[in-house]
Amino acid sequence: MQLILPMLVQGAQMALVVLLAPLLTGLVRKLKARLTRRRGAPVTQPWRDILKLLQKEAVVADSASWLYRAAPYLIFAATWVAAALVPTFATHLQFSWTADLIAIVALLGSARFFLALAGMDVGTAFGGLGASREMMFATLAEPAMLLITFALALIAGSTQLSTIAAVMAGPAVGLRVSLGMALVALIIVALAENGRIPVDNPATHLELTMVHEAMVLEYSGRHLAMIELAASLKLLLYLSLIACVFVPWGLAAPGQGLAAHLAGLLAYLGKIAVGAVALALFETAIAKMRVFRVPDFLGIALMLGLLGTLLLFVSARL
Amino acid sequence: MLEAATLLAGALIALGPIALLFGGRAQTALYALTALLAAGLAGLALAALATAATARLTLPIGLPWLGAHLRLDPLSAFFALLLGLGGCAASLSAIGYFRHSPEPRRTLPFLPAFLGAMLAVILADDAFSFLMSWEIMSLLSWALVLADHRAEAARRAGFVYLTMAAFGTLALLLAFGLLAGPQGAYTFDAIRATPRGPLSVALVLALMLLGAGSKAGLAPLHVWLPMAHPAAPSPVSALMSGVMTKVALYAFLRVVFDLLGPTPWWTAAALIPLGAGTAVLGILLATVETDIKRLLACSTIENIGVIFAALGLALAFRADAMPAAAALALSAALFHAFNHMAMKSLLFLGAGATVGATGTRALDRLGGLIHRMPVTAALMLVGALAIAALPPLNGFASEWLVFQAVLLSPALPQASLQLLVPAAGGLLALAAALAAAAFVRLYGVAFLGRPRSPEAAAAREADRPTLVAMSLLAALCIAAGLLPGLFLDTLAPVARQLLQARLPAQAAQPWLTLTPVAAARSTYNGLLFALFIALSAGLAAVAVHRLASRALRRAPAWDCGFPQDLPNSQYGAGSFAQPLRRVLGTTLLSARETVAMPPPGDLSPARHTVQASDPAWAALYAPLAGAVEAASRKANRFQFLTIRRYLSLVFALLVLLLLGLALWS
Amino acid sequence: MTHLPLDFAHLLAGSLVLLSFLMIYQDRLSALLDVFAAHAVALSASVAWQAHLQQAPHLYLTALIALLFKALIIPMALSRIVQRLRIHREVETVVGTAPTMLAGIGLAALSILLMMRLTAGADPLAREDLAFALTVVLLGLLMMVTRRNAVSQVVGFMSLENGLILAAAGAKGMPLVVEISVAFSILIAFIVIGVFLFRIRERFDTVDVGALDEVRGERG
Amino acid sequence: MTPLALILAIPAAAAALAALLPGYRLTARLNVAAAGAAFLAALALLTGPRPAPTALFLADDLNIVFIVLNSFVGFTAAAFSAGYIAHEIETGRLTPATLRFYHAMYQVMMFGMNLALVTNNIGLMWVAVELATLSTVLMVGLYRTPEALEAAWKYFILGSVGIALALFGTILVYMAAQPALGEGTPAMVWTNLLAHAAAFDPGLLNLAFVFLLLGYGTKVGLAPLHAWLPDAHAEGPTPISAVLSGLLLNVALYAVLRFKMLMAANPATLPAGPLMAAMGLASLIFAALMLYRRRDIKRLFAYSSIEHMGIITFAFGMGGPLANFAGLLHMVMHSLTKSAIFYSVGQIAQSRGTQAIAALRGLSVSNPRLAWAFALGVLAIAGLPPFGTFLSEFLLVTSTFARQPALALLLALGLLLAFGALLLRLTQVLFGEPETTPAPVRASSLPVWAHMALVALAGLHLPGALVAWFQAAARLLG
């Protein structure tokens, strides 16, 4: 039991995130449609798209190399592994010790690295455009993420997500300004990393405003399916991350029974749903920014992350 | 073992004159012999690290009444290992690289001797032998930089390089003067035994930062590095960036961590921002650089910055009696130094292969090389991933350790350090993210896309020895990324020697998980990471191919329906850098874009020019050069005086001295 | 012992200084050469008086050499050169005569100050002699520095040497070696100067040293 | 004859012979033979028993360093000159008659320098230094070009003023010594002077030192008394440039050192060391700046000689066992290296037919061997290892920094400035594409390589006996 349960939890989570991710995307789209008084496609539409794409023939540009064809699988795998390591409904994942928060973020960086390379592989203007902008956003988002990590680690004394979640769920933390700042910063980073409004518009194919879509413009068929799936997974991952760190209640702890795990799962689904609603509301309420306004936006996250960290020192001194 | 290492150093140095005599005839044999000796050195160093013993030897050369003191301890053994591995790969690659060199005498004698001189620096145990080897090392690398002496840029680079090297040596000379005292106690043992006050510590530290820092490429003394490293032939660039900067690091470690004795905490406050700033500046320069080898050299500056920041942390922890944390920071720095040796050598060799195949260093004339040079491209991908600090490769493993050390800083008692370190951590993260951008750019522009010039379209795969050397280095990168614990255990004796502390034994951890402090705090397992990714990617691919479609059709690129045939319509090096140049470069690099648009009706092409410059040039070097120029122009008037005026000078001095005498008595 | 011998030596040395000042004051080459001849005569007298005081017969020889060479031969030779080379008859000065005189007075003050402060314990005769000698040396240098044409510079140099001989003669019992060497060096100096003047005359149209300086390897 | 007497007799006899013998080939051989014999005599003096000091002559640890160095470089310069001069005859720059004069003057100069070094009488020393100076004046003007004559004239005028000042200083020393030592020769014997210096009038000694420093300092080439030096080096025959830089400057410095020791022996005098250190530093920095705008390669190295004399004077000015040792060593290394450089420069100039740096480009392509010799020489003079200059600069900089940090910083600044300039010119000469095809070189490369080998050997391993000897000499200097 001591060994099997974490293994089971781990397996369940891996399956769960893959299944859930396209549904989350579908849910957000649906909610946004409803908010703009459209009926919208069903929640399962992303899944249908993916399955459809998987069946199709892949059209690859003449100038594309092997990297172009391998990248979608690598991107998917890296994102999946990262998502599998963020506690969703239980903290005691079998392999949670494989990576801490920094490594998870870096793994997403690896995925982005391959995505950007794939965007440049065909040798078109759009791919490069998307890649260069994506890397610029990441350049600012990553330090912000590290400072958020720093603030969290300062409170929890650890960068292991399970430990952080356990500490945050405990009574010792309380309400802190720093945490609020970290939360806001994390949300900003999440918006940027997932190419959501106001940083990027996942629904656009308007040439000059594309970032993520520009990179994957040449992809088709199963390759596109893998990339879409990876993008959905990434969104889910960030929501799970926010949920796990800032609302860690309901997470099943090691040694608890099946009921606790089921409760955890329900709580998790609830949290994700709330997150989806919040995201849809936010995206509907706000307009997309110009590309060169985004650095200022991300700069806010950077400042908040730094302030959050420094304030912790101040409060610790007081 | 020290005797063997000394013999190796002697043999390598002796190979220089031998090569000079034999000329180009035995080129392959000589480079192969060099590679063999270097490999032997690596083995020897590994054995010495394993035993962690300290050996001493005195040779009757060098300073007359002192002799040359040599010593092999874990610290020097670790750097000898770096040197052996880097030297072996570079010499291997040299076999192929120089095979068709028109003037073999311009590199052949210097390369082995350069390795030997670096080894001598590492083995030296007194100030004189140390500085002598140090300067010989600079001199030989200078000769190598000038191998392509017909290029004006190389001559200029050589001049700036050796002048900076002389500056550094003078700083070291002063530092050792202070350490040795007026009686001239030049042996390291004597220096170690002398207690010193805070002023002296501060001076030595400042001088070491100038001396070793200028060699390593610490800002603002880094300007020579992007000039000199690329100007040399690529195997030499690999050695200079991969190994020689580490020798500079060794000098810093030896003096500040070993000879200087306890250092106050504020030494760290000086070092950490310097390192973090260097990292950001270096990589920012790399993101706008359009010359493939210069880009790599700028990235060297970044990594040196990271290492120095980690060393600063180690100093802080040591000063505050936190040996375990200090050992973590030091191990992170050393591990990163090792990783950088492997990945930067790999990248430089690959860049050399690229330049050799296309005849150009301009990124904007490359493109699509992944089709023409598949092996080089694959190996370069490993290097690019590694240096961009991405898991599961080795660059990430060491940067992760650095961040772990950063995360331990809240325990430091000094408020200024508490505030400084998180900010520095943010800068390091910025540098890592920028590195990813820089290497996506390098790899994407040079190896992916379509060829931008006929040379790139006709490129051929690199020569076999270079590919072998690159494969070795790539294997090192992968091994250090997947099994960082084993590497960290290997360098534990160094931390124990310098700090009397070490990391927890990594080999004992379950699954060889990297556990710098405690399992509950932070762990990372590169092996499992890689395994998971490989498994899930493989699984996904197999599943998709089996269960869904495997049909594939080649077609022209879609490109939103308006495909452009011209290869220049691709994103190039300049365009890729544009967002970052605008966001960060405008202020930091005073980047400017100007568009000269012809008036309506005029058929001449519009011009878009981009300028970006290293702020250190404008702030420091240009005024200095101007001052020397002005002073020499003023002084030069004394060459054109009449005899009467010269006599007036004599007369004036006489009267002055007599006046002084009258007033003095 | 009365003060008389001392005073006389003092007087002679003082006259040398006075003549040095007179030389600075001259603005014509011929007059300058005349004053220089007088300078040499004064030197000769001074050395002879020292020979008498110190009972050092070899100093008479020195006095004689000074009289013959410096008071007669050299001024004559130089005026021949001036005539033959058709050199400007004026002494070309760098700064005006008056500032030069002022500077000379300053130098004299300096050397006297030096002697008074430094050599309080020394033999008074030697001391005052030395003060005057130093003044003459410095004035000679001053003349070399403030005159443009070669002939007056040569004269300045020779008056400087006169100062040296004055000092040497004043030093009690200074071995003969020195006097001979002084004479010797002046001889060689003059010969070589003559040789060079000759060559310079051959190649350039003037012995103005300033014109010589136009040629130099570093320009152009 | 004793070795001491031989050192003087050989050049004197050779000078007379050379003036009489016909044919430049014969006199050239005589020149080499005499210089070689003098070198052997110097070695005999070094290894044999030291003669006791007499009223005229003296041999102690200090001046034997100078004598051996002097006769060695004199010998190699003569050997180099033999081949060099033959080329000058071929190109018609010199005539056989001038050469006879040249060889005679060479030996007169050697005689003068040796006399200055071995004499125990400060008056005689003065005579000897002037003799050496005047003979070199004549050799500088040997080519009779306007430039050469101008250089000789400048050298002569400035040298004469130096002569006069030094003589005045010598007279003052005598006057200071005369009350204590009595009238006549004993008051001019250096060993006597040193023994009784404490009883001398300090004021007079101070005054004397000012004049001696300026007088002999002119010969040393200390700024701002240096003006004659660059032109004399640049316009004279190259072997003479080598001898000037390698020897004459040292001899003048030797004179200054002797008087510095005298000053040090009287505690009431002003400190001579700081004065010398200041002048040395000024020369170093000034010459370093001057190096930047040189177009003539010989003038470049002439300024470098000023720079190094500055370093050496600074070292002796600092005093103390380490700095004095460094100063002595640096002086020897500088003499060997600088003369080797001038030999190389002579060969290069003969090969290319010009001394203009801009026209010497691409030497490493056209004459690789020459380029190696030249490059090693320049790197050595710039103070790089493995040469002895590095050893001496190492000792000097480290020991100075531990005692006087501010001075060491200035010293380092000067060294760096000079390094930059030399490197700039070295790069310019060695690299790039050569403009012209080189002419064959006649002069022997053996002296260059012999010197460089010695310098490299000194940097790697100084024999213990040599070290003990130099340390003893350094102790003499206080």
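Labels for the chains are A, B, C and D, by order of writing; each one numbers its residues from 1.
Everything below uses one rule, namely that a contact is a pair of C-beta atoms (placed from the backbone, for glycine too) under 8 Å apart; a residue touches a chain by one contact, two chains touch by 3 or more.
Only a predicted model underlies this, so the values are computations on that prediction, with no experimental measurement involved.
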item: Most remote chain, CA-based centroid, reference being subunit B; value: C
item: B-D against A-B, pair bridged by the larger set of C-beta contacts; value: A-B
item: Rounded Å distance between subunit B and subunit D, as computed from the means of their C-alpha atoms; value: 44
item: Averaged-CA centre spacing for the pair subunit B and subunit A, given as whole angstrom; value: 35
item: Cα-centroid distance, subunit A relative to subunit C, in whole angstrom; value: 98
item: Approximate Å spacing (C-alpha centroids) for the pair subunit A, subunit D; value: 78
item: Residues of subunit B whose C-beta touches two or more other chains; value: 639, 641, 643, 647, 650, 654, 658, 661, 665
item: In subunit D, residues with contacts to at least two other chains; value: 153, 157, 161, 203, 206-207
item: Listing of all chain pairs that touch each other, if any do; value: A-B, B-C, B-D, C-D
item: Of subunit A, residues touching subunit B in the complex; value: 54-63, 65-67, 73-74, 76-78, 80-81, 84, 95, 97-100, 102-103, 106-107, 109-110, 112-113, 116-117, 119-129, 131-133, 135-136, 138-143, 145-147, 149-150, 153-154, 157-160, 163, 207, 217-218, 221-222, 225-226, 291-292, 295, 302, 305-306, 309-310, 313, 316-317
item: Interfacial residue positions of subunit D with respect to subunit B in the complex; value: 153-154, 157-158, 161-162, 165, 203, 206-207, 210-211, 213-214, 218, 224-225, 227-228, 230, 270, 275, 286, 289-293, 320, 322, 364, 368, 379, 382, 384-386, 390-391, 393-395, 397-403, 405, 408-409, 412, 415-417, 419-421, 423-424, 427, 430-433, 459-462, 464, 466-467
item: Contact footprint of subunit C on subunit B as seen in their complex; value: 639-644, 647-648, 650-651, 654-655, 658-659, 661-662, 665
item: Subunit C - residues contacting subunit B, complex; value: 94, 107, 110-111, 113-114, 117-118, 138, 141-142, 144-145, 147-148, 153, 209-210, 212-213, 216, 218-219
item: Subunit B residues within the subunit A interface of the complex; value: 367-368, 370-371, 377, 381, 385, 388-392, 396, 400, 403-404, 406-407, 410, 415, 418-419, 422-423, 425-430, 432-434, 436-437, 439-441, 443-445, 448-450, 513, 519-525, 528-529, 532-538, 540-541, 544, 547-549, 551-560, 563-564, 567, 569-572, 575-580, 582-584
